[in-house]
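Below, chain A partners chain B and then partners chain C, in two separate complexes.
After this line comes the complex of A and B, so read on.
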């Protein structure tokens, strides 16, 4: 039998070792899975590495793939930090693309690049309001936010599909090829977000904004009264209420912040890469769920989210470009799930020591 | 509403409600022991993909293949549940996070999709659970199509509702199970093995979620689609709350939600022009609405959630 014994203190080095060890463990477990399904794990992994990080071009594609993940990762981390389980990053992201795309379509021509801040604002507002539905229900009616945010994901997905496939909405292309194949209207070129080129490496504007936002989140949670109160509420809601903190408002604020971050991701996605409302692509993307994995692996630290998002972006970029008979769909998601599982196991090792229990023979005085 | 439409809706409510019922029954068992399982969606998909593989690759008479496929679904759900049980009972990982991890790992973009492409499940399964004509009563007016013209899985689920109700409220083991969910300390003090009880019922819950997945892959959606359960695992979790942790009420809830799930197809088949996305969203909107109702103060008092739900049991830290 094994027994867990609480550690008196949390050694600092474990904060680094756990994520690295859990990725390594997941790679080993993933290798077994690949081996069982009849492929060579080493070849598969070296192809992933090659496609994700080996050249400036590969790295640029990885950074593009990392951008939405960065935002959904920040969204999950911001909420989980207070013990609020916002699983709705996916839906908030989708609503963010809807509102940002609307803004871009509306004013992209007349305002030019000045529309970009408006798109950001629209994305943030869209995501925050969508999340606030679950936030209000959680804060004032005590409705389980895990299930409501998740249900809202499906509703958002249906809403976006409806806008493009079953209505004559503002987002839909109603001329030319759009008459045969339902598709979104391309945003005016003026609303395309710029990229920063460093030689062969292209840094998307969204990624830079996301990094700045990550630093902002870190400062917010580390150095402000808001962050302090969130930490207290997460440790003990009763104590926080007793100290006069308004826990309900804080719950709503944190969910809305989290949703706003996901919605900002949606704005970046539509402004930086897709340039249309693409419900099919969004619904298959799984950005919101990957964000949860990223937040857990980053141990809810916003700065660490940036690095983990680039790592996971590499994985999904490689997954997309390698997809084929010997690189099946779902492998990337499986690897991500395994990383998450091993990270959870690692957290246990951080909090507890594992001891073998020794049965003491009866009748022996101890 | 004409009676014909009523019959179609009632019959399809039961048809589409069956997977919800299996998964919700599993949830009742698991949560009664004090363990929250948010991995239901993943366990359903894993059960679905394993059953689908068995039904397309194993040769033999239909009944044998289907039994094996059902067993494969049960085994897959149980295996995932064992992982969850080990994480939350032995390692005391946060139950919410572990369940989520299971759903991400096994879910629509994870292992179930991976296995489906490795196993090449592109074609419809060779055998599926067909609708039976029980006692030759399938042609009876009104009641025939509603009650006597379903798959074996539906009748199995009815038997389970009776069995689990009896087990929970009329047997010693059921009483012990409820004790573990209410107060593991007390249960431990009177000599009930808390850890074993929780393991057993978490695994049983996973097995039933696996069967819920089988309902999809071998009956409702016989050709594999990634994420074919479309959030039904999450609705099942809500149904456990909605059903006040009781099998009979979970059954009522499952059929109400079955009706909402089927509405889109039923009405479209009859040429009613309603936006499909609106109807498809109904089960999700209703889930939120129902959760809001049962989470109000009025319902809280008489809900009867197991008191120790979601709390790991640590003997040393009483």
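After this line comes the complex of A and C, so read on.
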């Protein structure tokens, strides 16, 4: 018999040996896979580095891919930290794009760049209120939030889709190419979120905001009374209630915070990149679901979420660069999956040790 | 003669310039293949739209052999990622890039302006003045009309179910053509429409087909990219007309036919033009007469008499003797919309937002 046993103490050296070993194992296993598929592992790996991280241009593209993932990763981490399983990052992100796009369309022309804080506010509020629906249900009616947040994703996706495809809404372009194919109205160009250029490296405004927010989340959970209560409630809701903590309100607050973070990501997506409400593209991207994986890989640490998001952004960016006639998209997906599998596997090894035990049959004299 | 001399001089000076500079960089010089790339929104094995385009890419490879090196990017989401995919393809030295989803348009056009030396071609796209920009598509309505004839003859309940992607002029046009075709051989036939608001969503496409079957349809028509409605048809034992791709071999029991496109011939011509340095911008709208659109081989559910009928109609369209949108055509209310002797002109076809009589469904606002 092999069984897992929780480590009583966590030796310091394991903290860096295990991540390095996981990545090395993933690289070796990946190399085997690449070999079997008839490609050269070294060329493949150097191409991943080259197209995802090695130059200013490549890194800029990676950061664009990482920005939405950063927000949905933070959103998932913020909720999971208290054992509230908000699977609704995708829907909250979409609602954030809807409210932020509305704000941008409404005041983008008159306010110019000054509309950006308003868009951020609108995105946060949109995502937070959308998540609060599930929050109220969970806190006061004890409804399973995994189900409700997931279902709200579909409602949000259909709502955004209805705004563009099935109605003559404020968001929809009703002239020019909009007559040929339903699409969103472009936000006024003057209100586009600025990027920070450092030589050939371009840092999207959204990424900078997201990084600052990540630090804020870290401080909130680490150094405030709110964070302390969240930690207690996460460990034992009964004990927290006994200690006089208002657990119901806290559940609502945490899920709204989580939704607000996802909604802020939606605002960044509209302001920084798409500049239109694009339900079809959002649906295809699945940022919200990727955020859950990112939060798990980052062990719910907001600062780590930043790095994991960049890593994942780079992987998806390099993945598209790799694929072609001899390198099917499925192989790219398998490679990415392997990295995640080994990273999470390493995580298990870090927390648990493997014990071989011998079961002694009953009634046998030893 | 003078022009030939000029061209020779030009080519000569270009070659010299290429020889002087880094010759490896110039993939246009003879010997090294020209690189061509395709960007797909779906997977190459979607069994429909993307499969058809990728077969076109393979046809280019087969026709041009070592003169060309092709690649593709599949499952590319519409959004900020597209620009990066294009940058990457240009960096890899691709000289012509085809994109096959409408949603790639903005990123493609921006790239056309950013990379004037690369040709950009957008399927179903919108024409633009950029000198290195082309759009291409074709009259799928003609072949859809013929597929509708097969459905009209095959239905016994006189109810045909149409799995429709988006309420846009292109799809409305195809549903109208399909209905006109069906009713030309069976005036009692009606076509029920279910919108799925997606080009490629096998689960939704199948669900829509199933709901149409339970609503009485005994023929299912695909308007989306996947063959999932064919699976629903197979499970229910009803007939199926596909779209984009010949799936007759995979669905022999339910297959009627499908409106399909010959992308390969067009792609080969365009890539050849890049190799020759004779590429010019254009806005190609192919049709059944020039072979760009056609119907897939018939399945066993289409009897010989119907085959002969459809073949004759196809020949008439090719010969210019038959216009599928010739009046009289009534709208859904039964009121005459197109008078006898008139037709729906090309401009209206491209922006059409009303259904013909016999369509059971509505176009959302």
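As a convention for this text, the second predicted complex is superposed on the first by the 291 of 366 C-alpha atoms of A that agree within 3 Å, B and C clash if a C-alpha of one lies under 4 Å from a C-alpha of the other, contacts with A are read in each partner's own complex, and residues count from 1 in each chain.
Going forward, a residue touches a chain if its C-beta (ideal position, glycine included) is under 8 Å from a C-beta of that chain, and two chains touch if they have at least 3 such contacts.
No experiment lies behind these values; they were computed from the predicted model shown.
Of the two partner chains, chain C is the only one touched by A:180; chain B is not. By the touch criterion defined above, A:166 reaches both chain B and chain C. Of the two partner chains placed by the overlay, only chain C lies in contact with A:51; chain B stays clear of it. Judged by the touch definition given at the top, the superposed model places A:8 against neither chain B nor chain C. In the superposition on chain A, contact of A:278 is made with chain C only, not with chain B. Residue contacts after overlaying the shared chain place A:341 against chain B, while chain C stays out of touching range.
Using the contact criterion defined above for the overlaid structures, shared-chain residue A:198 touches neither chain B nor chain C, since it reaches no partner. Comparing chain C and chain B on the residues of chain A they touch gives the larger count to B.
Once chain A of one complex is fitted onto chain A of the other, the partner contacts of A:317 are limited to chain C, with no touch recorded for chain B.
Contact with both chain B and chain C is seen for A:329 once the two complexes are overlaid on the shared chain. Across the superposed pair, chain B and chain C both touch chain A at residues 161, 165-167, 284, 328-329.
Residue ranges of chain A in contact with chain B, taken from their complex: 2, 4, 6, 33, 37-38, 85, 87, 137, 141-144, 146-148, 150-155, 158-159, 161-162, 165-167, 284, 286, 289, 292-293, 296, 328-334, 336-338, 340-341, 344-345, 347-348, 352.
Those residues of chain C that touch chain A in the complex are listed here as 41, 43, 70-81, 84-85, 87-88, 102-103, 105, 126, 166-170, 197-198, 350-351, 364-365. Taken together, the chain A residues at the contact with chain C in this complex read 51, 57, 61, 64-65, 161, 165-168, 177, 179-182, 269, 273-274, 278, 280-282, 284-285, 316-317, 320-321, 323-325, 328-329.
Those residues of chain B that touch chain A in the shared complex are 38, 83, 87, 90-94, 96-98, 100-102, 104-118, 226, 230-231, 234-235, 237-238, 241, 275-278, 280-281, 284-285, 287-288, 291-292, 295-296, 300, 317.
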